[in-house]
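Below you'll find the structure I mean.
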Amino acid sequence: MPNSHVMSADAFRTRSQMWDATGMWAWVLHRITGLGLVFYIILHTILMAGSLLSGKEDFDSTLSILMGHPVFEFLDILLLGTVLYHGLNGIRILLFDIGIGVRVRTQKDLFWIFMGVGAILWFWSILLKLGW
Amino acid sequence: MHAWTWVLQRISAVILIIAVGLHIGFLHFSNAGEALNYGEIVARLKTPVLIVFDILLLIFGLYHALYGLYSVFLDFDSGKKERVVVLGLLVCVGLGIVGFGIFGLLCTARSL
Amino acid sequence: MYKPLQVKVFRFNPESDVAPKFDDFEVPVFDNMAVLDVVIYIQNYLDRSLSFRFSCRIGMCGSCAMYVNGRARLACRTQVSSLKTRDITIMPLPNFPIIRDLVVDMEPFFDKWKKIKPYYVPKRELDEPVTVQPNSNEREFIDDMLDCISCGCCYSACSMVATNKDYLGPAALNRAYTLIADKRDAIRVERLKVVDRSYGVWRCHTQFNCAEVCPKNIVPTRSIQNLKRRCVLKKFGIFK
């Protein structure tokens, strides 16, 4: 095998990450939020279907905890933030798929525009939830 | 195969943007702080449009999620056998959860 | 006039070293100094055993690609002043096996390049030459993408190349596109089949790392997105 004496580049793999690249961070967060949402959706489906099948009393008591307890209210806000990030960056990716914004500068601008929209929507929802 | 699954991922993405938005808006963030109760859910699910909506949300949501997981798996080195096994696992998990979810929805809709 | 540069250089000699290390050098600065000048100075006056590749020194051959201060760049086209610091760290390109010091093994890169059949194949049934006007839309579209000098910067910046050893990579996919988009070519469909795989276009997640580092300002992401669309259209029976 040619070059059998060469050292593999495996040891330096981490340095191929460009930590100053917006597109890279966008993708990393998209993946993290995606994994979080997969976990959530599986949990949510099983919990809801299970509670419904357990009957009225079980369902009502489960829901009153989930929709009343402050910890879950907080988690709900985090969930919304996760959904907003994944959804809005997802729209950005959909734009790339139809050929819009596939340029070095534009893709960054698009990212920040969507994050701005997301921040506004998120804060507005938090205010709504706090009852204002 | 990949072209089809990729397109379906994009289609499910568009559907989910609307459907999840509606779902969260009407069910997670409304009701003025009062918890939803069983009766309200039954009433909701008796409307055919809404139960179809919920079932579609479930199917597309799980497809999008599990295809995403498969995509993450493919991004790393894997052998042909491993790929088949993981794909099979994901399909089973998907069908199982979708099945369970639809079962739960339909039973509730039919309850007295 | 200016304070000297503090340069850390990655060193590894498989014949004598067990593990890689960094050597420190102090290099005087002159006007319009490029990173290539830095390593040439080190080799001439400080350490004759430093190994690196270069050839044209004007950004045309693609030989001198290195990882400088956190990014893959062409050493000859990177002005020291553009780094905005006196501390410079030079390493070999990531995602490649290392032969010695700053020299990497380009074999995996070119293996993937060959996989997409990177050469024009004329159609046999033509009686006269098919001309594509130089200022036509189709010509202009792929014109920029043809500037690739196969330096390997995009390949080393790509996260998918880092995690998946089979992924064809931005350079090969970009080259594939220039030929698939060429209506005169005879094996476009065959080439499309090669890229329409899990280790082909479908591994790209539009990070744009490749486009950020390309010294020729090519955006491989664009080519790959176009390829994805063609793969889908082909499945629907429309191949344009």
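Every chain is named by a letter (A, B and C) in the order it is written, and numbering of its residues begins at 1.
By our rule, contacts are C-beta pairs under 8 Å (C-beta built on N, C-alpha and C of every residue); 3 or more make two chains touch, one makes a residue touch a chain.
The structure presented is a predicted model; accordingly, all values stated were derived computationally and were not measured.
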| item | value |
| --- | --- |
| A-B or B-C, whichever has more C-beta pairs in contact | A-B |
| Centrality ranking, top chain (CA atoms only) | A |
| Between chain A and chain C, centroid-to-centroid distance (C-alpha), Å | 31 |
| Distance between chain centroids, defined by C-alpha means - chain A, chain B (Å) | 16 |
| Distance between the centres, which are taken as Cα means, of chain C and chain B, whole angstrom | 41 |
| Set of chain C residues in contact with two or more other chains | 205, 228 |
| Residues of chain A engaged with two or more neighbouring chains | 97 |
| List of chain A residues in touch with chain C within their complex | 2-3, 5-9, 11-13, 15-21, 23-24, 26-27, 93, 96-97, 99, 102-104, 107 |
| Residues of chain C that touch chain A when the two form their complex | 12, 14-15, 20, 67, 70-71, 91-92, 94-99, 104-105, 107, 156-159, 161-162, 205-209, 211-213, 219, 221-222, 225-226, 228-229 |
| Sites on chain B touched by chain C in the complex | 2-4, 6-7, 74-77, 83 |
| Residues of chain C touching chain B in the complex | 160, 163-166, 196-198, 202-203, 205, 228, 231-232, 234-235 |
| Residue ranges of chain B touching chain A (in the complex, touch as defined) | 10, 13-14, 16-17, 20-21, 24, 28-29, 31, 33-39, 41, 58, 61-62, 65-66, 68-69, 72, 93, 97, 100-101, 103-105, 107-108 |
